[in-house]
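Structure first, commentary second.
Every chain is named by a letter (A, B, C, D and E) in the order it is written, and numbering of its residues begins at 1.
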Amino acid sequence: MTTDQSENVRAGADAAAGAGPTGTDVVLEARGVTKHFPLRRTARDLLTRERRSVHAVDDVSLRLRRGTVTALVGESGSGKSTVARLLARLHPLTSGEIRLGGEPVVAGGGRSFRRYVRRVQLIFQDPFASLNPVHTVRYHLTRALKIHGRAGSGKEELERALTDLLNRVQLTPAHQYLDKFPHELSGGQRQRVAIARALGADPQVLLADEPVSMLDVSIRLGVLNLLRDLKERLHLAILYITHDIASARYFADTTLVMYAGRIVEGGDSETVTQRPAHPYTQLLIASAPDPDRVAAAADQEETGTGEPPSLITPPPGCRFHPRCPQAMERCRTELPPRFDLADGQWAACWLYEGQGVRSYGNGDAGAKPYGNEGTAATGTPAPGTTAREVSR
Amino acid sequence: MKYLLQRIAFYTVTAWAAITINFLIPRLMPGDPVQALLSRYQGQLDTKAIDSLKALFGLDEEQSLWQQYTDYWAHLLDGDLGLSFTFFPTPVSEVITQSLPWTLALVGVTTLISFVLGTGIGVYSGWKRGSWLDGLLPVTTFISSIPYFWLGLIAIALFAEKWSLFPNSGGYDSALVPAFDWPFLSSALYHAVLPGVTIVLSAVAGWILGMRNMMVTVSSEDYVMVAQAKGLSERRVMFGYAARNAVLPNISGFALSLGFIVGGTLLVEMVFTYPGIGFQLLQAVGAKDYPLMQGVFLIITLSVLAANLLADLVYAALDPRIRKEA
Amino acid sequence: NSGAGKGGVGGATGVLTLGKPDGPQTNNSNPFLNTSAGATLGYRYMIYEPLAMTNMIKPTDKADPWLATDWEWEANFTKVTFTLDERAKWADGKPLTAADVEFTFNLLKKHSALNWNGIPFDGVAVEDGKVVLTFKESQFVNQNKIIQTFIVPKHIWEKVKNPETWPNRTPVGSGPYRLKTFTPQTTTLTATPTYWNGRTKVKELRYTAYNDNSAATTALATGKVEWSFVFMPNHKQLYIDKDPKNHKLWFPSGLGVHGLWFNTARKPFDNPALRRAMAMVVDRRAIHIQAQATLYPEITSPTGIPLPAGEPFLAPEYRSATTRPDVAGAKKLLAEAGFTLSGGVLKDPSGKPVTLTFTDPAGWNDYITGLAIIKDNIKQLGIEAKVKTQTAEAWGVDVANGNFDATLRWTNSGATPYDMYQNVMDGALLQPIGKSSQQGNFGRFKSEEATTALQAYANAKDQKTRTEAMNALQKIFVEQAPMIPTAAAPIGAEYSTKNWIGWPTEANPYAPPQHTQPSALEIVLNLTPAK
Amino acid sequence: MSITATDTAVLDGAPAPEAPTRRARLRFLRGGKTRTGLIVLTFFVLLAVIGPWIAPYDPDAMSDQLLQPPSGAHWFGTTHTGQDVFSQILVGTRGVLVVGFVAALVATVLSVLIGVTAGFLGGAVDEILSALANIFLVLPGLPLIIIVASFVPDTGDLLIAFAIALTSWAWGSRILRAQTLSLRRRDYVEAARATGEPTWRIILFEIMPNLTAVIASGFVGTVIFAVLTEITLAFIGVADISHWNWGTVLFWAQSNQALAQGAWWWFVPAGLCIALLGTALALINFGIDEFVNPRLRTATGSSRKVKMRVGFTPVARRPLTGDRPEHRTSKEPRP
Amino acid sequence: MSAEPVLTISGLNVDYGTDERAVHALRDIDLTLHRGEVLGLAGESGSGKSTLAYAVTRLLAPPGVITGGEVHYHRPGGDRLDILSLSPEQLRAFRWQELSLVFQGAMNSLNPVHTVHSQLTDVLKAHRPDLRKAQRTGRAKELLSLVGISADRLAAYPHQLSGGMRQRVMIAMALALEPEIVIMDEPTTALDVVMQRQILRRLVQLREQLGFSVVFITHDISLLIEFSDRIAIMYGGRIVEEAGAAEIYRDPRHPYSDGLLHSFPALHGPRRELTGIPGSPPHLSAMPTGCAFHPRCGKAFEPCAVRVPPLAAPATPQGTTPGRRTVACHLHT
């Protein structure tokens, strides 16, 4: 890996960015990305010649832009981490395409992989697990710098680079932390070391997979502020995966909602959290704990019972239909395409058929047109207003 | 079911490989059996006698290794293990049948006893950590570090020779004929005491330590704490929750040790002149007795595999997490 | 010990217990197979009887008649005629006839795997109820082997398809015992009431197999076993002292030796002077005491011929020669041969230091101790030796292939010293190094004279030629020292007089006392209860 | 056996604020057991190094002092050829330790190579290597060593060590494979990959250091096994007995029926040395085990003052430590 | 809601370890749980919440030792039970019968080798020996349906259930004997919000039916405020504030509580300013003198570093009388 090459790539991206104000802001883009994890074959499968797999991610499209935070929320097991890992190229794709700076990314290991990770870095879900307990902070950061050729020449420069990294994540004074082992750090400090390591590559995209799920509210806040700061100062494109919808509201510009391997809703964070469109998002928001609800707690209606669907044999049609209070007949058979709503919000739900403009890739997130246009036009108008009332 | 099939397939492959190795090993050893026989009898064999012996042993033809290998399998599948050279012309299967029961009885039973005893003590000392039982650990460690033959010989010197409490050798009194009658069985039992006790002594420590460690580990699992919180009786918590889970790793260890029953008894048989298969194997090795060696190896290999398969099944029966298919 | 008390052993019950440290046995009583339990434990001699009973420790004495009342060799030992005892009959009551004897010899002739001694049978015939064997060559050196062949019943063996692999589980012989029970650990024989040649007092023989010497020794010491032969490191303490009144042992020698074989094809051991010098310093007494625990008779004659068994064969010049270590003499000899001693290291004429490696199988304790003693002895000459142990197999292969410096090994033994000399020096057996020599001359000893003398001895028509050849062999053996004899090969045993008396002793050497020798039957018939 | 439960413990290393340095990793050396073990082992290592020099006699040298009981001149008595048993044991220490450690080293390297590779690479490589390990596990150990040892006519110490190593690596490799398998999917390994580390660096620097405790414990265990096996081999006469080691001493003693002759001094010391060495190694192993699995740390169990019991927290209403809150008095009365 | 106490804790002290390196994990805890209420327990990680929960039932894992204080359980009739002086046998009888626990992390709380049925019934077997087998099974089915799991799952092993189901089985198990008190230690951390809400709502309903009291421990302040009646905030092994849920939310008195409440974003309503808490929590073995929070406290003044503030009813500056609330802060004394 040579610096020149990566600089070239970078320069190319910048040049592209200069070409147009909106379209080329997109740094990383996923188009119709699908990931199926094959299951181990059982004796029965051999007999029936069936090949079963976990449909962890199906046909997901999203765009990450410079200087914005995109939140990805959804229930446990809906495939959020898998999306992040796919974007970080830790898993091979089943189908679909990932574009970095407009260029399709070709599969491959070694050098091309390293060139890729130099621009796209993943912060792992768990700050307690993603640092090797036997290595010091110095080792972790030095490696990150060295691999990407940013360690400079000589001890001095390296030291300066390290200090700089730690300062950036506000672990100061740096020398206090450099020679510590992960177990000697608090969760928040570890998380910041993990972020510093990701920054070590000087990436353009940061994929942060539930970076705060394990942390205390007070420490959580520090990490989120840091991410926001990075976005603002370094113009990073950040994918922020979380369970905590309230934090998505506060920190993300855009929010995408995933359910059972598919993105079901997207749009401006404030809009999505305040006026959720998709019944699943509504359920999610309604379930999220909210101290302001204290008074109303008693007369909450029972919503969305039932188990999350099996990803091995996902339900046909809309994957949410078995739990959806507003499910219609066609939800059981036809996969809803994406319907655009006001304010750049969109939802993949038959309720909104005919409500907004059908979009084919010029939306905020999601580029690939969904299938079954033919049937889409024949759907009954959905009582969209009712859905909004539910979410107050 | 799937699990079972998978295990069986795995063991079949392992068995094939191990049997093939068993076939190769003796053939790669230096020397030839007739030569070994000669030195055994300090004999004055005539050239012609040597040649005809070679012919009898099937060593005269220049067969390719591959040819020998296919023949070996053909015979094996017929259940024919060939004729022993050392005990020519006794069939290997007969040599094995006459010695295997002794090994299985003595070492099998003692292995079982040491497992049960060791596990039992381990459960207790792990549960009652900090009690006087902890004092037992250094002692058992020390005993388990003693070479077995040394322990056995000291035991003979003291209990058989000095105090004449037990016989020093043999599996039963020479005056008796093996039969399922009281005099014979009691004599066999009496002869088994000293070897048995020494085996248990030297083997029990490993089980105690393994089990104790597992008990300590499991005792701090949440579900044990939950069981305590539920106010269950101490016995129920100790056995139903802690020991039940802690014993699982020991089961695979036990399977492995079951396999070593057959292979690891050499010293017992040497020290106590106990009839059994280990000594036969040593003799076979010494005499280049390919058929016998292969036969004994086959038995050992198959028994280890069978024990492992059994352990896998027991494990699956005890640990529902293994029974994946629902 | 417990076993003795419970088992009802002893003269009163008519049981005699025997033991052997050979490990568990398999049920096989084929007398011609040396791998059978009958051979290993020696009970074949209780079931099958020979034509005549030779005495290994007095090989020159005429054998006792047994199944044959008489046998006559033609002058040049190419023909022998047996007259059979009319009274002899098989345990199943059938009479033992010349047809049985003829059948037996034909059996051996036909199946060389059964003919362990490799007797070159030629003609087998019955003439006038007498059995006549004819040979192409003189059988002088084999005569004892031939006449002690045991005879098997034709009516049983002729039905056997494959006698070479026949386990003969219910042996029928002419002897006084038949097989009662067999287990790998213990074989029990019981007396046949109808024995043709008188009655035996011992009603039951119990052979127990032990896994090693120490178990067998303990069994002997505790009286569990009354008759056995086990090498014991300190027999006085381990055995005799346990019951000094009854525990006896006697280890008379036959005509075979143990000794240090040199690889005479390797430098510098191809130099006879070096070998001889080493032979001169070996302390056979120390070996006798420390290595052989005084069980094996000491070799006192430099010819290696064990005395007194070989007394008649000694050449006149060696009648009074002894084997005292003579370091000064050895040094002188070496100096004359061009060896030099500098700084305590012996150098051969080419200036190379003389060193050697002794090899023997690990576990052959007496040999290893013997080697250690020899190593100590030759240090006095400035020779540095190393003792290396191998597995028995590896050693066997190395010895056969001539891949050794020097090793302690036994020789063959026979009715005359011919067997042992032939084993060591026969040029006819000579093989190049690397090619297996299975029958002898492992040291690759090359001597025309020796080979000629051996041939002359075997084929001689008269006693004088034999004596000359024997004298020549002794001279070569002493002067060229292809092997240093260290101890006689004994045919001895431990036995207890607690229950049975009548054992052979030094005073009454009617047979070698070992129970795996043909003469064991003679001993058993001779035993009487000790009151 | 206990290893199965340790995988989380290896990594989580309970926070130990007062031990901030690298030395924390050697913490297991601090336990009393481990220390005792180390002292004894050091003693034997010392003997192995200087034994031949401090031996009062040449262990081969014969004398007229046949089978003498221990005395001032011969601390452990003499053999049937008048050799000094004490010198034999001193000189023999080296052989024992060399074989033990060489065998353990080779076996450990083998098990690490095979186990870690299998665990990390997975797939077909894993299947093949696991099958290989299982076959070696299934083959009978001691007989196999006997055969391997008889392969080569010259059975020196090193050969024995290699034979032992060859038959004893499989168990360790199985454990290491399982451990690697669980480490392979750890976030920090994935994280290293995501940072762009090459595979060899991931194995060597990310995975291996986390296996050290397991490897060390396996190493010590193999040393014990190798020493016992070597001694057994010498005892049954398979090994080269011209090299002195404790097994050889026992071999000579047994083949001369030392115990039956009453020459206990010939038989007993070597056996005790073996047991002592074995115990020392076992103690060290405990230390490592406890380090690997913090739950086994007995130090946190009971003390003399209070008896701990799972599920029944003791109540000790006395200040156990000096630093009782000084503000106890300031507590307000309960409402 | 009655103000009758069901569990009173006073002056409770807990150490980990018995030697000089022992960690002093709980310091002088005073807390009262009233009949039928949900008491929330919040605080920074490591502040001693779990320790408190386990100490009350004497289930602290070694080397935990209770070194002082009292824990009393009040039977409905009125008589008190001194838990700290119970013998093991009495403890066994007390546990689950009167007080049950839902442990942190359902994954490990169920014994992996026994079926749900066996784990539900063995507590019945131990405490209701007179029940027959069929009755026990019947009760187990009833319990499962109580938490919305179909009865045919009785024969399942824990690994065959999803995390949410396991959690619900644990809750069902906790209710098996209809105890007076249920302590729940972060019961929903592993679940997503939908599942979490389902379970908690079920629990609230059951509490209304059965009338037990709940101690609810979680990091999720929003959740706590929503579901509990009263909240106790812990910091550094002490309770620093205790008040009604709404009061705490609207008007936290202790600077730490205040910091906590300004650290999490709200899902609805106007965007609030999030201030957070500066610094990092102290380690128990190196506790600051005086008020443990003072190094991080913006309002610290001179007594804070010297004296430990007692937990007491705050002086009411505005003259309001906010129920039974207490706070341990020098600002309010």
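Quick note on the criterion: contacts are C-beta pairs under 8 Å (C-beta built on N, C-alpha and C of every residue); 3 or more make two chains touch, one makes a residue touch a chain.
The UniProt protein names, listed by chain, are A, E = Dipeptide/oligopeptide/nickel ABC transporter ATP-binding protein; B, D = Peptide ABC transporter permease.
Small disclaimer: the values here were computed from a predicted structure and weren't measured.
A.B. asks: Does B-C or A-E have more contacting C-beta pairs?
C.D. replies: Of B-C and A-E, it is B-C that has more C-beta pairs in contact.
A.B. asks: Would you mind checking which chain's C-alpha centre is most distant from the centre of subunit A?
C.D. replies: It is C.
A.B. asks: Roughly how far is subunit A from subunit C, centre to centre by C-alpha average, rounded to an integer in Å?
C.D. replies: Roughly 91 Å separates the two chain centres.
A.B. asks: Could you please state the distance in Å, as a whole number, between where the Cα atoms of subunit A are centred and where those of subunit B are centred?
C.D. replies: 57
A.B. asks: Report the inter-centroid distance (CA atoms only) between subunit D and subunit E in whole Å.
C.D. replies: The mean C-alpha positions of subunit D and subunit E differ by 46 Å.
A.B. asks: Can you pull out the residues of subunit C that are in contact with at least two other chains?
C.D. replies: Touching at least two other chains: 218, 391, 393-395, 397.
A.B. asks: Counting only residues that touch at least two other chains, what does the list for subunit B look like?
C.D. replies: Those would be 29-30, 156, 161, 220, 225, 227-229, 270.
A.B. asks: Return the residues of subunit A touching two or more other chains; collapse runs of consecutive numbers into ranges.
C.D. replies: none
A.B. asks: Can you name the residues of subunit D that touch subunit C in the complex?
C.D. replies: Residue positions touching the partner: 60, 62, 66-67, 80-81, 149-150, 152-155, 236-242, 251-252, 254-257, 260-262.
A.B. asks: Using the touch definition up top, name the residues of subunit D that touch subunit A in the complex.
C.D. replies: 10-17, 20, 24-25, 186-198, 205-206, 209-210, 212
A.B. asks: Can you check the complex and tell me which residues of subunit D touch subunit B?
C.D. replies: Of all residues in subunit D, those touching subunit B are 1-2, 4-6, 131, 134-135, 137-144, 146-147, 150-151, 153, 224, 228, 231-232, 235-236, 250, 254, 259-260, 264, 267-268, 271, 274-279, 281-283, 289, 293, 295-296, 298, 301-302, 307-308, 310-312.
A.B. asks: Which positions of subunit C touch subunit D when the two form their complex?
C.D. replies: 213-214, 217-218, 221, 232-234, 237-238, 290, 361-363, 365, 368-369, 372-373, 375-376, 386-391, 393-395, 397-398, 403
A.B. asks: Under the definition above, what is the set of subunit D residues touching subunit E in their complex?
C.D. replies: Touching subunit E from subunit D are residues 17-18, 300-303, 305-306, 308-323, 325, 327-328, 330-332, 334-335.
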